[in-house]
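Okay, so chain A shows up in both of these, paired with chain B first and chain C after.
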Partner chain A sequence: MAANVVVIGAGPAGVRAAQALVEAGVRPVVIDEGRRDGGQIYRRQPDGFTRSYETLYGTEAGRAKALHRDFDALRTRIDYLPETLVWNIEPNAVHVASGTRHRKIAFDALIICSGATDRLMPVPGWHHAGAYSLGGAQVALKSQGCAIGARTVMMGAGPLLYLVAAQYVKAGATVSAVLDTSTLADRVRALPQLLAMPSTLKKGVALMNVLRRAGVPVHRGVTPVAIEGTAQEGVTSVRVKDANGATLHVPCDAVALGYHLRSETQLADLAGCEFRFDRALRQWLPATDQDGRSSVRGIYLAGDGVRVRGADAAERAGRLAALAALKDAGIAHVGAAADITRLRAQLHRFTRFAAGLRTAFPWPARFAAALPDETVVCRCEAITAGELRRVVNEMGAKEANRAKAFSRVGMGRCQGRFCAHAGAEVIAAEARIPLEAVGRLRGQAPVKPLPMALASQQSEKETTA
Partner chain B sequence: MNERADVIVIGGGIVGTTTAFFLSRRKRSVILLERGLTGQQASGVNFGGVRRQGRALSQLAMSNRALETWRRSRELLGEDVEFLPSGHTRVCYHAHDADYFHRYAADARAYGLDLEVIEGAAMFRRFPFLGRDVLAASSSALDGHANPRLAAPAFGRAAGRLGASIVENAEVLRVEKEAGGFRVECAGGRIYRSGQVLICAGAWANALSTQLGEPVPLVARGPQMAVTEPVPYVFKWSMGVYTSVKEESVYFRQIPRGNIVLGGGAPRPADAATRRASVLPANTVAQMAQFRRMVPALGALHVIRVWSGVESYLPDSEPVIGPSSKVDGLFYAFGFSGSGFQIGPGVGETLAELLDTGSTPIDLAPFSIARFQRTAPGRTESATSEISS
Partner chain C sequence: MSGRFVRVAEKGRRTFEIVIDGRRTLAAAGDTLMVALLTAHDSLRDSEFGDGRRAGFCVMGACQDCWVWTAGGERVRACTTPAVEGMSIVTRIGNAEEAAQAGEGIWPRMSS
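Our next item is the complex of A and B:
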């Protein structure tokens, strides 16, 4: 079993990938940014916190417990590198940083399970202190037992909107309103596809009931107008138009935003994987075969990091990608053939359900064209929609990287992870071209900010000043 | 579309766009053919140093001309390319390099470049942030830096406003001499004609010069660039290490919005065929150690992005600038070997003068393409094949 296999991510996909590799006698290196395993969804609380699985994960407690238990059982048979960032990829090697230590780790096969973050659409005032993403609001609760504010508003569209709101309510936080940009009609249209996973659909309905019992106002079909606030106080209120066009003003001290999720694809990009434009999702995603093989030999992609289908699907996709890697390396895995057939069939249902979610909670592309010029699009570099439109009109920058070069949108510390989708929509609307023609920002290392105190573990020689 | 002009400029980098700009000011008709977008390759991805200091003495006349254009850039272009004449300082770690600083300063004075060399306590008083390995500093107060992402496209647009035809996404396949001038064929079959041609196509120039019987040993390499998160604006001087040890040779500049642009160390091969180059991860880590040595406080910052691009290098690190030695009406400007950004507008102005009037007071003999025909007769490999070997 000479194969060097590196798994990036210790969430549902990464853990299941590592498990399948270990079953075949391979000892993988598992690299994860988190302090503990579980990924975002099954994030384990820090030492010293004592909330129960039921409190932390609700209806998903059983799945979380199983994933944690199975990962714990793998610990002696893998090389686990927590709190470690893969910041660049070369052919057959990843470069990692752990604190200020740098290492290069060679691989024959690499399974990237990089997960997802919130997909965000700017709204005037979203740069004020107290504006978070829904995922960020959830992390604060899961990890530290904190709410993002005393009176919070959840705004956007997608399963996370209701999940986070319900989790806040259960934890005793005040949710002043849930402002949903999707409509009941969207959901009705999505129903046939959502019925692919009736139990998941039922869980969604249960979340709505939690909110109703708690008396949380839920408004559907809203159009965000502004997050109001000041530099000193931060967020003070949220203003939207309701479905009838009437202005709704909700005082609050924090707001969480999000329009479902976007795949974290930078590592696949740095690995040189081919991307394709997904018209329905209005985004570029790495191309894979049904088992997770990318366009680059030896690079496999699994979980929400390649296609958002949720945690249950990620567990299966992680296992499937590992089985594909084993098969390609000529390493036997007992029962793999039957396993692969079963996993493919199951993933088919998740894919159908994901398409339903997309219909039920549409990405509000039309908001981009309507953003007032003074709205900040790129929060890292504080670049407004007006400035982005100026480089489109006056400097002819109709391609994403050209517009970035001229305007700095996507040039800051997040490298476009949070603004690139909206930025591309602004460009497409202004230039009156299809979104696909805008292209996508080329990935550049490091994936996340890298300390300049970084020193290679292999050779420590350095002149001290 | 006007498919005939006095001059066809092949390549829309800083040299091509400024040549088109200055030719247009001389009322000469120009078609600029750019394979991708203007300023997208070496001219757009470089460090952004507007530095005369350190250049071969033979470059200083054009470099001084260029500085005048940088100083007047806002007025000439009607927009800001973020030129900041905040000074440029070289530092060194080795005694023989400090000696060279004094020699270079004495030599450069005759060419209009005023440098101040300081050492020891005086140096640390002026630059208290320097690491204790630093022996000497040589400062040019009038040099500075500018934004490479903006400059060449801005000159291109300005040339366009003066009447030049700036044609992007036009890949030149063939340049041929015909009766009365040149025939230039682009991908897709478009044909352009002119009396004179300037090839300033960076790493892709050799493919064209070879067609015209003048192959050069041009090699593509990628600069290794990085940038930090924004921090308070304190480093007014653009600074670099002068050394013969390639790994030590790092440089940085801070922009008023706070980010610090970093570069240097060992370059890496680039692939002219794919038009892409990347930063070697090991180089990023090695650079960081050198920056901590040069300015220890930089160790507290973070690199948020790295990038590279395709630059063209010649064996003697000097560019080819001037007329062809074989074909009348043909001119070249390429192979700037990592130092083309500052001097670009000076080269453009000089070439515009030469193409328009037939002469220039600037001595271009040191930059003649003929020097490679003497040293490498019959050499025909393309840049691409040299890179991959």
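Our next item is the complex of A and C:
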């Protein structure tokens, strides 16, 4: 079978996509940034570490083990490129870099399973040493056996808030408080949709019980005021308003912060995929059909990288996207038709549950307008909300890319991953325009910084070509 | 200086020496450079924009807040780079400027 299929990502979606391709006799190239497979959620610990699957993945141990086992079984039937970054996409080829080596890999079909990172809303002081993303706090524990501090505050909203807090407690780390910006009323409103997945809902309740039994203070409906600390020593405390408007001050040496997840969509953007504004999520996402076909022929998108629905949904979406790619290429896959029907139905339930999570743990868009001018919005280059508002007001920069050009918010080394959503909210609030009208930051290659040695090697190649 | 990260599991690993700002420190087999640095120190680098010390943020290779410099002037992302015996890392701009004389230059300090 002749089709060149490239899969980007070796998390739940990428592994299941590769598996379906192999079943049909295709030998895909699987490119992943990680040292080992599993993605972020089922990240494998380094060799020589001894914690059990149950310790590492809790209720998801069985799923993690199955994914790792199935990927191990694929290894001789795929071309696996770990520790490799896809930094640009052109029609029918990806550019990859590993260390200082660079090459171009051609494809007939490309399945992008790029995953997600934490969605962040700034708070004064979040640039201090000791403030981390919630996902980062989890990675430190899962993959390195470390807590991010001796006394950690978890703040934000979303499933990770309670999951990471409970994982820290179970590992013997001290969680000084869980500060949740969402309310009980949000949860009640979300209940009908959350009941689409009763077992997952039950796991969430169990996490809250872990925290209660451990005596961790949990405050709901809080409004963050500041992460307090010093430029040299880092975080010393967190200050919030509680649901009644009273000030709550929690001494700590670390804060994990996040508001659920945001899809990593840069590669889909570079591939030329069409994006649509999702009003409920207040973000731009690549458009796909129900099987993962993007607007560009031959480009398929799956997993949290296109729509955050969690790891179980990602496994199904990865498989479904691969089956779609096979079908479009005219490659037979035994049982595909029945499989596609089943996967679509299952994903429908995950989509409904994800909508419930969005209602239960809302993105706190309103905080953006209230950020004091001196709050850092861009952590990369320490650019403040006041500076962003200045370019909106004085230079009339109301469009995301124009505001970026003038303020540099979104231009730093994270390339907007951690400031773009909040930055757009700040612009919309200041300009009094709908968020949709601000637009979205265009993806830029390379999607992450590359070593200078590689860049010079690249230009030599180009000049001699 | 005390550490920021706290080891809560996998404590029985083989250890080896690395050098941080000229001082020997123990790292454990399997540590990322970020963990080796932050279990001994409370931060990784100076912000080039004058807002103080930084200690990383996303821990998964997305934010690039944990770039540190080797004594040889090479820039590495601490959260995705394994700690290796004998590595020498500089975490202060002053130190890095001296160390990077022979190698890739450090970013300029944009404000004071």
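Operating definition for what follows: the second predicted complex is superposed on the first by the 454 of 465 C-alpha atoms of A that agree within 3 Å, B and C clash if a C-alpha of one lies under 4 Å from a C-alpha of the other, contacts with A are read in each partner's own complex, and residues count from 1 in each chain.
Throughout what follows, a residue touches a chain if its C-beta (ideal position, glycine included) is under 8 Å from a C-beta of that chain, and two chains touch if they have at least 3 such contacts.
Everything numeric in this text was worked out from a predicted model, so none of it was measured.
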{"item": "Touching partner for A:395 - first (chain B), second (chain C), both, neither", "value": "first"}
{"item": "Contacts of A:102 with chain B and chain C, given as first, second, both or neither", "value": "first"}
{"item": "Which superposed partner A:449 touches (first chain B, second chain C, both, neither)", "value": "both"}
{"item": "First (chain B), second (chain C), both or neither touched by A:49", "value": "second"}
{"item": "Chain B versus chain C as contact partner of A:237, first or second or both or neither", "value": "neither"}
{"item": "Partner chain in contact with A:88 - chain B first, chain C second, else both or neither", "value": "first"}
{"item": "Between chain B and chain C, more extensive residue contact with chain A", "value": "C"}
{"item": "First (chain B), second (chain C), both or neither touched by A:413", "value": "both"}
{"item": "First (chain B), second (chain C), both or neither touched by A:135", "value": "second"}
{"item": "Partner chain(s) touched by A:182 [first = chain B, second = chain C, both, neither]", "value": "neither"}
{"item": "Chain A positions touched by chain B in one structure and by chain C in the second", "value": "413, 449, 451-452"}
{"item": "Residues of chain C defined as touching chain A within the complex", "value": "4-11, 13, 29-32, 35, 38-39, 42-44, 47, 49-65, 67, 75, 79-80, 82, 104, 110"}
{"item": "Partner chain A, residues of chain B touching it in the complex", "value": "37, 40, 44, 131-133, 149-150, 153, 157, 228-229, 279-282, 284-285, 288-289, 291-293, 296, 298-307"}
{"item": "Touch list for chain A against partner chain C, complex", "value": "33, 35, 40, 45-51, 55, 117-118, 127-133, 135-137, 139-141, 143-150, 171-173, 230-234, 253-254, 264, 376, 379-382, 413-414, 417-418, 448-449, 451-452"}
{"item": "Residue numbers on chain A that touch chain B, as the complex places them", "value": "87-88, 90, 95, 102, 104, 395, 399, 402, 405-406, 411-413, 415, 444-446, 449-456, 462-463, 465"}
